[in-house]
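Each of the two complexes below includes subunit A, the first together with subunit B, the second together with subunit C.
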Partner chain A sequence: MSLLDLFLIPVSPVASFVIAGLLLIVLQCIRSPKLKGITKIVALLGPLGSLLATWNLFKSQPLAYSLVTAGSYEAWLNEFILSYHLDSTTMIWYWAIGAIASISFIFVEAYFKDLEELPEILILLEFIAAAMMLLVSANNLLMVFMALELMSLPTYVLVGVEREKHFGAEASLKYFLFGSFATVLLLFSIALLYAYTGTLQFSQISNFLMVPVGGTNPAGIMVMAASALFIIAVGFKLGLAPFHMWLPDAYEGAATPITGFMGSAIKLAGFGMALRLWWGMLAPISAHWVAILGSLSVVTMFVGNLGALRQRNLKRLFAYSSISHAGYLVLGLISISKTGTQLDTQNLFYYLVVYGFMFLGVFGILGLIEKQTGSTDISTFEGIGFSHPLLGACLAILVLSAAGIPPTAGFLGKYLLFADAVRTGHVWLVVLAVLSSVIGVFYYLRVLVALYMTEPSQRIILSSQSRIVVWSVIACAFCMIFFSFFPQRLGI
Partner chain B sequence: MTDSLLPLLLFVPIIGIILCLPFSQQLARWVALLTSLVGVVLAIILYQEFDGSGSEKLQLAWSFPWISSYGIKFALAVDGLSFPLVLLTKVMMPIALLASWGEDRRLRSFMSCFLFLDFAMTGTFLATDLFLFYVFWELMLIPMILLIGVWGSQNRIYAALKFFLFTFAGSVLMLVAILWLFGEYRAQFGAYTGEIALLSKVVFSNQPIFWGLTTQDLIFWGFTLAFLIKVPLFPLHTWLPDAHVQAPTGGSVLLAAVLLKMGTYGLMRFSIPFCPEAFIKAVPILSTLSLVGIVYGAWVAFQQTDMKKLVAYSSVSHLGFVVLGLCALNREGLTGSVLQVINHGVSSGALFVLVGILYERRHSREFEDFGGLATVMPRYAFFLVFVACSSMAVPGLNGFVGEFLILLGAFKAKPIWTYIAVSAALFGALYLLVMIRQVLFGPLNSGENKNLKDLSTRDWVSLVPITVMILMLGMSPNFLLRKIDPALDSFWKTSLQKGQSSVEAKAKPGGKV
Partner chain C sequence: MNFPLSMTYWSHFVSVAMFALGLLGFLLRKNTIVVLMCIELMLNAVNLLLIETSMRTNTPEGIILVVFVVTVAAAEVAVGLGIVLNLYRMKGTVNLDHFKSLQG
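Right after this comes the complex of A and B.
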């Protein structure tokens, strides 16, 4: 097998984003007004090419790129190849990232269409998407760190991209400070693990940890400290309570489609990373972190749901809602079990994808309305259910899905996660989770009440140019119904 | 035809919704009515096809796989427990639609909500897969909250939210119980299934795991709380008066006639067969609460001056009887409960129709606005008195049969229950008579009332079938009973008696544990 087969073809979904990003940079350098129209199309080539490349990988040979084949090269090359892990599970994640990125690009292009900096935003998005793919298939702590930074740094910039809004600058700064703090902690825990094991590969660390560690000997303390730091660092990145303080501000301050992207795609990648870190690397000492993550998940659900109760700005409301969803997802994360050597991640993945489309769809609608009215206050949405039936119905379906009410996919996702959790013996966590979801229903219902049960306060006319956004939103809402009746499509 | 009867029953409303959308607002009303009439025809066919004495319990089964890795199917069937309720749903649908005929806001959406509610209710009764049941059970909330919240009266949003949150809180606990039960089944039989008949084979251990409660107790209460909220049993009933008062007339009719029945249906279909021993242990609590509910509901109804509120509280009282009948643990009580469920559906539905007729003409439901209506609306007065008689269980009408059997059963179990319940039944007569006196008789003092029109053709069309049903159920309940008796028999033997005997065996010293 040539080096090309072994390394270049597997990274083709990632490369597609990078190439599109570089092309955009070149286009920007030319600065020809004629090329302005092409920018948007070139930008879309990234996610679409990535989807195509993933499809190509799927079609050719799903499991060909296993790690075993890498043995015959020089040591440094081996190490390099091994740092990137690709299997059929990872490729499903690529699908999701590609699909969510495509829709996000559409939203971003529509929202910023008059902004001069649109190409720069698109460039940053391309690199973030590439980093997300690297993150979910990282097999090496260094790779994790690099991908995480490549993902985070452009995001800090994107949050503050609307320079005239002082909220954006504040959000960006807050996000940056918290994010870099988390990075430092992550780096420290990587250092500790490296000091103990002498390697950065997940599988080797995992083998090392098979030998029981713990107690008060220095090695045990080192591993425990590293694992605790991991929880804190990843907790910051995923917005788990009590490390969530930055999240509502960042989500509210960022431009609406950027928030949609952050809440859906970056969450997805973050959980992909968390999955690989905990179950790929720290699985042998799972007894030490499952209980901690379990309690964090419950705290996160309640903080998210209680925090959302009093919000009148829908952006902030859904920011809190995304905190609570992160809580459910962590519950799913700790409930993963193994059949053979294969991790049963499909339920978590199902929830993540459904949640991703839900969040994206909601923020697509918020962006549309905000563009017309300049506000995402709940009063702006009054009466939309009857003045814009299609948009209203889409938002209603998305909100019902967020609340986890059948027959939407959000319900099935919760059901599957809870079924896993009950099976692995977390019945009481599930009881707390469903109780917090009752609190959650209350604020989701407030959105429904605004949509359908209050008379409109103002007339909103949508411009005809936003048609593609409306279609994307409909696609998101359709996913909520479709995946509920055909969960097999997502591997259930 | 018979193979696809149940899916037809289920999906005809959905076809109706699709047909509603392209038509004008006015036509949508007719489309909805026609759809519901098709439903009635199908229900009559179902009555013919359903063989109560047949050896197979579940009939006309129809299914296709849904989430196969979890053993979940889209499975429909009908048996003696669900059969009368399906009939009730289908029959009450056109009546509810006619009761809300005067609605003129956003008719297309209004009618779609009704048809969707029909779909969800039918699905709830027909589902033989626990997961599917849960899906329909929750699905029902969406059209109902819209009906209350969009087309309701003054305080509608508060009532809609309260209704939703109460029921949702119950249902999520049921979800945990369902998951737990699925897990137990998987642990014992090695695979997931959603089939209700299989799930009742799960055997629970007797180890207390939480505050002296066993797994069975916890699962039982998970299911039962959800159902008791829906019944609603005292003290979980507070959402009901609000929902009833604020809902549009048709919504109230369906809420009283069908939605409340899901609670007792759930008890008989899930709680008791899955966890018979836990039910026997819970009888003291349930019977006490139902007795309190019977007396409290009647007393509060007696204090009301709003007709709709009065009927709503009377529901609390009447449905207390149903739970009491189940708690009696004997055959009389059981039959009485099932009959009472149907009777209450018909009678209280009819009462809401009648209140709605008055409200439509006068936009008030307060006693003080009326008086002496018997002189201007004699036909209306006849029907109100007739239905009130049925509701207060006058012999010969439907209410009597059920209540009598329940009281008989209760007397066999614990005579004191009967004394308390009978005294409340007296109240039942009292508050309805007070309403009749205040509204129909006395001087006709308000000028506005002098010009009230008597029943229109539409009112006749909805009231006559109800009257016929009240008479049929009262005179010869056998036309229904002979279809459902075998199912009740087997329910009694497999669930109630089994639970009782195993509880007794454990109570005996030296008995097997």
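Right after this comes the complex of A and C.
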């Protein structure tokens, strides 16, 4: 196999984002008014090129890549092959990240149309997207650390990008402090595992952990501490209760399309990382973390759903809703089973993608309304179903999907996750999860009531809706119906 | 195939103690700049552990990771100080207790 097959084609989806980001930096340095229009198009080349590259990767039989053994190549190529995990599952993640990133780019470009810093925002988004792809295919703790930081640091900046707003600045400080705390904890657990095993490779660490560890000897304490710190660090990053306190504030304070991106794409990549860390590396000691994650998932669901009940600001309401969805996703994460050496991640992935498009679509609509009225309070949405039937219907479909009402993909996703969990013996967790989603239906219905059953206090007219934004929102809502009837399109 | 941990067991305590100091400072101090310094302290505790392991096991990964950690820490401080500076311009303070307009 040549360098092209071993290196250039596997990294092409990542490279597409990086190249687009670098191009944008160059364009930004030229500072010619004529290039203003080109910026937006170049920015979209990143995600679109990445989707194309992923398709090309699919086509060229990449399954062989995970079977390539390092050996007779140059040293750097050997290291790369060892630390880059690429199989058919990873490529579905690439596809999802590319699709969600392209829709986010459209929302961001429309929302920040008049902001002078738009090119900088787009540059940061390109690099975040590249880091997310590296994160889901990491096979080495060094790669995990670098990708996670490349993803997090620009996000802290993006949350506070509207510099003159108090909320945004405070939200970014909060997100920064909790995020860097999580990074430090992750790094400490990496160091502990390294001190025990002397390697950073997932497969080699796994091999070490095959030997039973435990007890009060230093090695046992080190592995237990590392495993606990991983749970806390990833819990902070994913916003699992009790490590969720930053999440509603950060999601409310950030600009609406940025929140949409954080809630969908970064959650997706975070769960990709969790999957690699726990099932790729710590699988031999699964007895130590499955029970802890299971109880965390139930706590997270209830905290999210109960917290959302008393919210009147839709941005905050959906922030809490995303906490509860993280709870369901963790339940899916611990009930993954193995056929042979292959992990059955399709159901988890299905729920993640459906949740991602749901969150993105909702925040697309919130962004449109907020741009016009300056508020995302639930009273702003009263009567939207009549004054803007199309947007109202889209929001209704997305909210129904979030609640898990049958004809939508949200229902099928929940059903598949819960079926998986029952199959792996987490019956009580499923009972509690169903209970908590019943609580959830209540606040989702409140949004529907506001849309269709309340007389508006004043009628808002959305004057200048960007057509491409409306089409993207429709696409998100369409996904909710389409994937419900054709789940096999997502690899089920 | 465990490495002879007992020989270097005590050196781990230094880094764990440093980490714990940083953790305490992070949780208790109210000045944002001091909190940032505590994050740095924790990162350096990790670096110490990594270097120690790298020397003990004769593997290069630890030292490579240290170089990356130092670089990332610099970037993180740049971002963090930028955020703090922006807040200081608006509110005239860096005390964490004054940043509470987002709770509800």
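Methods note: the second predicted complex is superposed on the first by the 482 of 492 C-alpha atoms of A that agree within 3 Å, B and C clash if a C-alpha of one lies under 4 Å from a C-alpha of the other, contacts with A are read in each partner's own complex, and residues count from 1 in each chain.
Quick note on the criterion: a contact is a pair of C-beta atoms (placed from the backbone, for glycine too) under 8 Å apart; a residue touches a chain by one contact, two chains touch by 3 or more.
On a predicted model such as this, the values are computed, not experimentally measured, just so you know.
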| item | value |
| --- | --- |
| Partner with the higher number of touched subunit A residues, subunit C or subunit B | C |
| First, second, both or neither for A:326, with subunit B first and subunit C second | neither |
| First, second, both or neither for A:399, with subunit B first and subunit C second | neither |
| First, second, both or neither for A:453, with subunit B first and subunit C second | first |
| Partner chain(s) touched by A:153 [first = subunit B, second = subunit C, both, neither] | second |
| Touching partner for A:145 - first (subunit B), second (subunit C), both, neither | second |
| Which superposed partner A:106 touches (first subunit B, second subunit C, both, neither) | neither |
| Overlap of subunit C and subunit B interfaces on subunit A (superposed complexes) | none |
| Subunit A contact footprint on subunit C (complex, rising order) | 1-3, 5-6, 9, 12, 15, 19, 22, 26, 32, 35, 39, 42-43, 45-46, 49-50, 52-53, 57, 59, 61-62, 64-65, 68-69, 72, 75-76, 79-80, 82-84, 86-87, 90-91, 99, 101-104 |
| Subunit B contact footprint on subunit A (complex, rising order) | 386, 400, 405-407, 411-412, 415-416, 418-419, 422-423, 427, 430-431, 434-435, 437-438, 441-442, 445, 448-449, 452-454, 485, 487-488, 492 |
| Footprint of subunit A on subunit B - complex, ascending | 66-67, 69-70, 106, 109, 131, 134-136, 138-139, 141-142, 145-146, 149-150, 156-157, 160-161, 164-165, 168-169, 172-173, 175-176, 179-180, 182-183, 186 |
| Subunit A to subunit C touching residues, read off their complex | 141-142, 145-146, 149, 153, 156-157, 160, 163-164, 166-167, 169-174, 176-177, 180-181, 183-184, 187-188, 190-192, 194-196, 198-200, 208, 211, 218-219, 249, 252-253, 316 |
